[in-house]
Each structure stands twice: as structure tokens, then as C-alpha cells.
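Two complexes are shown next, each including chain A; its partner changes from chain B in the first to chain C in the second.
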Partner chain A sequence: MKYSSQMVAKPYFIFALILLAGEILFGITMSIQYIYGDFLFPMLPFNVLRMVHVNLLIVLLLFGFMGATYYLIPEEAERELWSPLLAKITFWVFVVAGVLTILGYLFVPYAELTKLTMNDLWPTMGREFLEQPTITKLGIVLVVVSYIFNVTMTVIKGRTTTISIILLTGLFGLAFFFLFAFEFSDNMITDKFFWWFVVHLWVEATWELILGALLAFVLVKLTGVDREHIDKWLYLIIAMTLIAGLAGTGHHFFYIGLPGYWLWIGSIASAAEPIPFFLMILFAYNMIKNRRIQDDNKIALTWAKGTAVVGFLGAGVWGFMHTLAPVDYYTHGTQLTAAHAHLSFFGAYVMICFTLISYAMPILRGRPHGNCAKAQKVELTSFWLMVIGMIGLTLALTVAGVMQIEMQRIPDSAHAMAFMDVQAKLSTIYIIRSLFGVMTFVGLLVYFYSFFVKEERVAI
Partner chain B sequence: MQSNQVSREPYPPGDFAIWIVIYVELVTFGLLFVGYAFSRKADILTFNNSQLALNKTSGFIDTLILITSSYFIVKAVHAIKSSNLSLQEANHIASKWLLAAIAFGGMFLVNKFLEFSAIFGQGITLSTNKFFMFYLLLTMFHFMHVTLGTVILFNIFKKTKKDGYSKEDHRGLETGAVYWHLVDLLWIVLFPLVYIIR
Partner chain C sequence: MTERITKDMARNIYFGGGLFAILVFVGLTFDTVKQIPKLSHASKITKSVALGKKVWENNDCVGCHTLMGEGAYYAPELGNAFKRLGGGDEAAFKAYLAGWMAAQPLHVKNRRKMPQFHLTPTQVNNLADFLIWTSRVNNQDWPPNIQG
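Entry: the complex of A and B
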């Protein structure tokens, strides 16, 4: 570790991993509810669990990104973090706000929660992903603004690199688009329109910039390839991401009451969205092929390659499957969407957090050359358990999605089966999905265990 | 044996990255062109009637402007590659050609802006009908490309002012030139397809 302030990243990483464990456990519980509808009802109904599942995802990724940034920025800027204290305060504020909100979801009926947090004064609640009480949303704004301010000040006072510029662009974008979470319209179409400004422009535009910058940072460190070479790739990926991603918002505007031209804009622009992900694979493998140093932390490189490949599969391939308007007409909101969401969030965003954690945590724990071989072997096992678990889960959901489309969507209304009847027919597939979910969780536990594998002492 | 030692021009010219951009652009516009063709086939009457509202002369002027500006870019690249000019002379000549190309790019943008004003003045929008949806999507998307291309050319122009390109190293110039030719090529397909063919 070059700068002592990088240490602030550690609690962020640890908390992100704890939240991930919660994320998967809630996911598995819901997957069981798909098989036994009344499992844990009325204590934990499906709608509450789902809300916790998607909210935890966002919060854990934000923790991961923040930890990664606090680790990366001092090294890129070649100076200590502007204010490590602010980063520590931000951490605790975010933890308290996050935990309180999740507890609120779990133990207070949602309608009650809206009253308790005085949603009527400034209504923003009740929308998927943005269920947080307005006060929590304001808290998120405060946390994110102080985080970005801290990072910006560090960059301004130190060295500026392409990686830090792209990371900052992504972060400013993240903050800006979150403001649309405060836009609330009585018109459901207008409401959905702006809702996607947060949801889509986070995950398919600004977060991709963050992903690109984080991946590039790890590759620079582990391969020793010239920055000039990496910068060019990064700019290309980012340009493609922004062009395709911004116009690609249109693929969410199909059949929801918005004008028909979105069918064309959305289909064509989003058909280009897999390209930056594919370039990321070329980028990662090209850098590794031309590497100048052989870093001992091999597992971090495995995670980096995994991010590029699984990110492309989940976001690129599974996204493209249903992004064209005529296809989406049948697939909209089926299990195929769920399949895409699971593999893309895992492949692109959870895996980049793992990449950074696997690269930085050993250094933060006083092992500059990475964990010992035995610990890395354990981590490799966890890598495959999680990756195979998530791909298996995705394939199961894909099969479920296709069957759902066949039975519920393609036949005319006289012959189409009802939603619940279709779900009952898919129970075998849902069992398989749950088992792969459990496999992913076991993978995470093995990952946790890898932290406790002791360095083998060599007898002299 | 001799021929092996002669340094060859790298092929394709310009940076490899720009070719990835070009292929993506060609596929994207290609999809829109195919979409246009199929939609037109389904409703020829609307397409033919709506097409009458377009200003063909303006479109033709646009075509001439872009082809001419592409020629200026070719002259700029030739000047830099020319073996009998000094570095300063070559960059000086190239900068003049580039300035002319930028001016023509600007003319295209102004002319298109006037055309869009006239179209919007008639109350036409993306939702008027399928023909106008394609017309506006294609021409506005292309307009954005010309804008970007002009910015790229301007940056190259600035570099020629610092004698930044040499006979041996002019990759940046060729990269920008290739992009500008793409913008030109797209218009050459777009113009007859949307403005002329009936």
C-alpha cells in the first residue's frame, strides 16, 4: 500500500461483502417462494423480499464502488486522499441509513413506512428500485456528494490520469441521474420515462464508465502495460458505451405509452450496447497477452478476465436476446428479463467489486504480493462456484422465460395460460434455479473462508 | 528482396480503433437503411407523398459540400505525405486544406439547420409518420456525425499549426480523414435513398 489513506477502503469492501451475503440469502428465500408460494408468509412476503433484494444490490454495489475508488484514487493521483475522515464518516452514515431502511422494509408494512417517513410531503416512494423513503434518498445524495467531493479534491490536487477522469465522469453521472429519483409524476407514463433515467442510465451508461476505469486500473497494476495503450482502449470503450447506452434508453420505452419511434431508436441503439462489453474482453485479454510483469496475485487477474467475459455474456448476449422491439413484445417482463438482470449485474458489477477486493484486500492486509498460493487456490474454487452458480441460475431462468413466453405470451388471449398457472408448470426449473443459487452462496462462503487461510511457513 | 525492405503504408490507414468505430457505424446506419426499405415497401404511398416535402436542391448542395470537403482532406493528407516538402511547408499546406474542409463542414451544418427549421416549421415531428420518423432519425444522427467530424478536423488542424504531422508519423491525420470519409459515404447513400428514390 503506497498511501495510508487507502486503508479507508477496507470497511467499504467488508460491508459490501456482508450485504452480498444478505442479497443472496434473500434471493434464495424468494426462489423457494416460487416453488412453495406461502414459504415464510406472512412474516416475509415476496414483495418485501424482492424490494430488499434489489435495494441491497444497489447499496452493496455503491459500497463496492466507493471502496474501490478510495483505494484507487490516491494511487492514481499520487497523493493521500483529500479527507480520510470524511470517507470514514460517510461510511458510517451510509451504513446506518442503509441498515435502518432495510429494517424498515422488513419490519414495517410499506404503507406504514410511507406515513412514518412523511412521504406525502415530498412523494418519491413506491417505485421499483427507488422504494427508499425520501429521507433516505436525501441521505444517499449527501453521502454520494461528499464522496464525489472527496475524490474530486484528491484528483484536483494530484496527478490526473485517464482512469481517474473516466471514473469521475462516471461518478458525476451517477450523482446527476439519481436526481431523477426525486421526479414524481401522477402520469404513469411520464413517471416511468424519468424513472428509467435513473435505472437505465446508471447501469447501462454511468456505471459502465466506473466499471471500465476500475478494470483498467487493475490491469495497469497487474500487467504493467503502458498507460498510453490502455488509455486508447478505455476511450474507445467509453465512447461506445455512452453513444449506445444513452440512446439505448429507448429499449425501455417500448409499449409503455411512449411514441412509436422509440421502437426504432431503442432497438438499433441497444443492439450496439454489447459492443463495448465485447471490446472489454478484447481489452483485458490483449493487456494480459502483452503484460510486462508477472504479478503473484493471479486470482485478481482471474477475476478481471471473469468480469469481462461474464459481463459480456450477461449484459451483452442476454441483453441482446430481448432488446429488439418485435422480440420484446413477447418477452417484456418475463423470466428472461430476470435471467438477463442476474447475469449482467453479477458479471459486470459484482465481479468488478470482487476483482478490486481480490486485488486490494491482500495489500491492505499487509500482503503486497497477494495472498499465499493456498488461499488463492481456495479463492479460485469460490470463483468457479459463484460463476457456475450464476450461469446455471441464468440458464434455468432463461428456460423458464422461454416456456413462459410460449405458454403465456405467444398464444392469443383465448388460448394463453394465466400467469400463476404457468408459474406452477415451471416448478421443476425453479428447483434447479434454487440449487444453483445455493451453489453461488456456497461459493461466497468459500470466498469468505479464503480470507482466513493462513500463510504457510517455510522452514529455513 | 528489395521490395521487402521498402516500408509499406500500414493498411488499413489510420488507427485500428477507428475501424472498429467505422464498422459499428456502418452496421448501425445499415440497419436503419434496411428498416427504411422495409417500412417503405409496406406503405409506398405515404413514403412517396411525404418525400415531396423534402428540399432536394438543399440535399444535393449538401452532397456537393461533403464530397468537396472530402477532397480537401485528401489534399491535406497528400501534402503531409509529399516527399519534396519540408515539415513546416507540409503542415502549413495541410492546415489550409483542413481549414477549407472545416469551413465546408460548417456550411453543411448551417444548411442542414435551415432545412430542419423549415421542416419543423411545417409542424412535422418524429411522430408525423414513418417516413418522417426515418428522415429525421437518419439525418439528425448524420448531423451529429458531421458535428463530431468537424470537431475532430479542428483538433487535427490545431496540430498542423504546431507542425505536428510528418511524412513518417501522420496516423492521427489519417484517422480523422478516414472518419470524415465515413461521414461523407453515409450521406452519399442517405441522400438518394431518402430524398430521391421513389
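Entry: the complex of A and C
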């Protein structure tokens, strides 16, 4: 560790991992309710579990990004963080706000929660992923603004690099597009339109810049490749991200009451969205081929490669499957959508957090050459358990989606099967999905265990 | 191939392409916002429809259901519930919905459950008006059939 203020990253990483464990546990619980509707009902209805599941995901990724940034920015800027104290305060503010909100979901009926937090004053609740009370949303803004301010000040006062500029661009974009979460209207169609300004323009525009910058940072460190070379790749990746990803928002505007031109614009633009993800694979492998140094932290490089590959599978391949309007007419809002959502979020964003954690945590724990070989071996096992678990889960959901489309969507009204009847037919596949979910969780436990594997003493 | 592209060229593609993409997207956004009132029949958003939307949001219906294909995939699509459950007849749909909301949760073992929300008759009426309005939005004739 070159700068002592990088240490503030540690609690962010640890808390992100704890939240991930919670996220997966709630996911497994939901997957059981998918098959046995009485499981935990009415104590915890499905929508409550789902709210906790997806909110934990978003918050854990924000913690992961913040930890990653606080680790990376001092090294890039070649100076201490502008205010480590501010970073510590925002950590605790975010933890308290997050925990209170989750407890609110679990123990207060949602309608009560809307009253308690005076949602009528500024109604932003009851939307997918954005279920948080308005006051929590304001808290998130506060936390994110202080975080970006801290990072910006550090960059301004120190060295600027392409990586830090692109990371900051992504962060400013993240903050800007979150403001659309505060939009409200009596017209549901207007709400739906702007909802995607948060969701799509996060994961397929601004977060992709963050992803590119984080991946580039780890590759610079682990391969020692010339920055000129890395920067060029990074610019190409984010150029394609914006060119395809902005108009690509149109792939969500096909069937929700918006103008027909989105059928064309959304299909064509978003068909190019896999390109930046593919470039990330070429980028990672090209850097590794041209590497100048051999870092002992091999597992971090495995995570970096894994992020590029699984991110491309989830976002690029599974995204492309349903991104053309005539296909989406049949696949829209089916288990196929769920399949894509799982592998893309995991492959791109959860795995980049693992990459940064596996790269930085050993250094933060006083092991500049990475963990010992034995610990890395354990971690490699966890890598494969989680990756295979998530790919298996995705394949199961894909099969469920295709069967749902065949039975419920393709036949005409006289012959199509009702939603609930179709779901009953898919129960075996849902059991398989649950098992792969459990495998992913076991993988995470093995990952936790790898932190405690001790250095082997060499007998002389 | 990438050997021939220099860092400066890549940066110019980023700034040029990015700026172009932003301008196109902003332009389309303004046009879309202008067209939404007509496509959604905004003039038909009565007080009751607006209140129904509130009931929908305050009870997180979207945490189990989809509305025009967006939401959760645990329970049936409700964007076309008026057509599926009311056959396009407003009075019939209102009666059905009132009965349905009052009967939850259904006591069928192991079947997925919908909670009891304890809504007032006015709230259920608002909800029905909201779902009737939703089903009439011009959304390129989605879903493909009545099952949603």
C-alpha cells in the first residue's frame, strides 16, 4: 500500500461482501417461494423479499464501487485521499441509512412505510429497484455527492490519468441519472420512460465507464503494460459504450406506450451494445499477452479475465438474445429477462467488485504479493463455484423462459395457457435454479473462508 | 487492427461519438415527451385514475406483477387485466376486481399467494380505473395474446 488513506477502502469491501451474502440468501428464499407459495407467507410476501434482494444488490455494488475508488484514486493521483475522515463518515451514514431501510421493508408493511415516510409529499416509491422511501433516496444523493466531491478534490490536487478521468465521468453520470428517480407524474407512461434513465443509463452507460476504468486499473497493476496502450483501449471501449448505449435505451421503449420509432432505433443501437463488452475481453487478454511483469496475485487476474468473459456472456450474449423488437415482442417480461438480468449483473458488476477486492484486500492486509498459494487455491475453487452456479442458474431460467414463451406467448388467445398454469409446469426447472443458487452461495462461503487460510510455514 | 489506432484517435472517437450520441438521445427524449400525452390518452387520466396509480405504488403491486411487461415475474401481467378479467366491460371488471381483492389470500395449498391489502371500496374502484386506463394505452399491440 503506497498511501495510508487507501485503508478507508477496507470497510467498504467487507460490508459489500456481507450484503452480497444477504442478497443471495434472499434470492434463494424467493426461489423456494416460486415453487412453494406458502413458504414464509404471509410473514414475508414475495414482493418484500424481492425488494430486499434487489436493493441489497444496488447498495452492495455502490459500496463496492466506493471501496474500489478509494483504493485506486490515491494511487492514480499520487497523493493521499483529500479527506479520509469524510470517507469514513459517509461509510457510516450509508450503513445506517441502508440498514434502516432494509429493516423498514422487512418489518413495516409497505403501505405503512409510504405513510411513515410521507411519500405523498414527493411520491417516488413503489417502483421496481427504486422502492426506497424518498428520504432514503435523498440520503443516497448526500452520500454519493460527498463521495464524488472527495474523489474529485483528490484528482484535482494530484496527478490526473485517463483512468481517473473516466472513472470520475462515470461517477458524475451515475449521480446525474439518479436524479430521475425523483421524477413523478400522474401519468404512468411518463414514469416508465424516465425510470429507464436511472436503470438502463446506469448499467449500460455510466456504470460501464466505471467498469472499464476499474478493469484497466487492475490490468495496469498486474501486467505492467504501458499506459498509452491501456488508455487507447479504454477510450475505444467507452466510446462504443456511449454510441450504442444511449440510443440503446430504446430497447426498453418498444411496448410501454412510447413512439413507434423506438422499435427501429432501439433495436439497431442496442444491437451494437455487445461490442464494448467484447472489446473488454480482447482488452484483458491482449494486456495479459503483452505483460511486462508477473504478479504473484494470480487469482486477481483470474477475476479480471472472468469479469470480461462472464460480463460479455450476461450482457452481450443474453442481452442480444432479446434486444431486437420482433423478438422482444414475445420475450418481454418473461423468465428470459430474469435470466439475462442475473448473469449481466453478476458477470459485469459483482465480478468487477470481486476483482478489486481480490486485488486490493491482500495489500490492505499487509500482503503486497497477494495471498499465499494455498489461499489462492481456495479462492479459485470459490471462483468456479460462483461462476458455474450463476451460469447454471441463468441456463435454468433461460429454459423456463423459452417454455413460458412457447406455452403462454406464441399461441393465439384461444390456445395460450394462463400464466399460473405455465408456472406450475416449470416447477422442476425452478428446483434446478434453486440448487444452482445454493451452489453460488456455497462459493461465496468458500470465498470468505479463503480470507482465513493461513500462510504455510516452510520447514527448513 | 488496433495497432493502427492511436490513443489520440481513440480519444477523438470517444468525445465526438459520445457528444453525437448525447445530442441524438436528448432530441429523441424531447420528442417522446411531447408524444406521450397522445399515446397514453393523458386526457383520460381522471382523479380516480391518478389515485389508483397511487394505490398501485403504495402497495408495491409491481413487486410481484408486471405492468406492460415490466416488474416482477411471479404473478400475472396486469396491463391487460381489464381485457382478460373484465372482457372489456367496465362494470364487470370492477365487480371482479373487488371480489378478487377481498378474497386474498386464496387458500390453495402451495399455490403462490397474493397478500390481503385491506383496501377500501373507493381504493379498489380507483385501482380498477387505473387498470382500465392502462389497458387502453397505445403500446404497439403488446401483449401478443390475452394471457399477457
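General observations
Here is the rule we go by: the second predicted complex is superposed on the first by the 459 of 460 C-alpha atoms of A that agree within 3 Å, B and C clash if a C-alpha of one lies under 4 Å from a C-alpha of the other, contacts with A are read in each partner's own complex, and residues count from 1 in each chain.
Criterion: a residue touches a chain if its C-beta (ideal position, glycine included) is under 8 Å from a C-beta of that chain, and two chains touch if they have at least 3 such contacts.
Remember, it's a predicted structure, so these values are computed and weren't measured experimentally.
Legend: residue contacts after superposition of the two complexes on their common chain; A:D186 is shown touching chain C, with no touch to chain B. In the superposition on chain A, contact is made by A:P259 with both chain B and chain C. Applying the stated contact rule after C-alpha superposition, one finds that A:G366 touches neither chain B nor chain C. Set against each other, chain B and chain C touch different numbers of residues in chain A, with C touching more.
Of the two partner chains, neither chain B nor chain C is touched by A:P326. In the overlay built on the shared chain, the residue A:I268 is in contact with chain B alone; chain C does not reach it.
In the overlay built on the shared chain, the residue A:L242 is in contact with chain C alone; chain B does not reach it. Chain A residues in contact with chain B (one complex) as well as with chain C (other complex) are 232-233, 236, 239, 259-261, 265.
Residues 15, 17, 20-21, 24, 27-28, 31-32, 35, 126-127, 133-134, 137 of chain B are the ones touching chain A in the complex.
Within the complex, the chain A residues that touch chain C are 33-34, 36-38, 41-42, 45-48, 50-51, 110-111, 114, 119-120, 123, 125-128, 131, 186-190, 192-193, 228, 231-233, 235-236, 238-239, 242-243, 245-247, 249-250, 253-263, 265, 282, 286, 329-330, 332-335, 337-338, 408-413, 416-420, 423.
Chain contact summary for the complex, chain A toward chain B: residues 232-233, 236, 239-240, 259-261, 264-265, 268-269, 271-272, 275, 279. By the touch criterion stated above, chain C contacts chain A in their complex at residues 2, 5-7, 10-11, 13-14, 17-18, 20-22, 24-25, 28, 31-33, 35-37, 39-40, 42, 45, 49-50, 53-54, 56-64, 66-77, 105, 109-113, 115-117, 130, 134, 137-140, 142-148.
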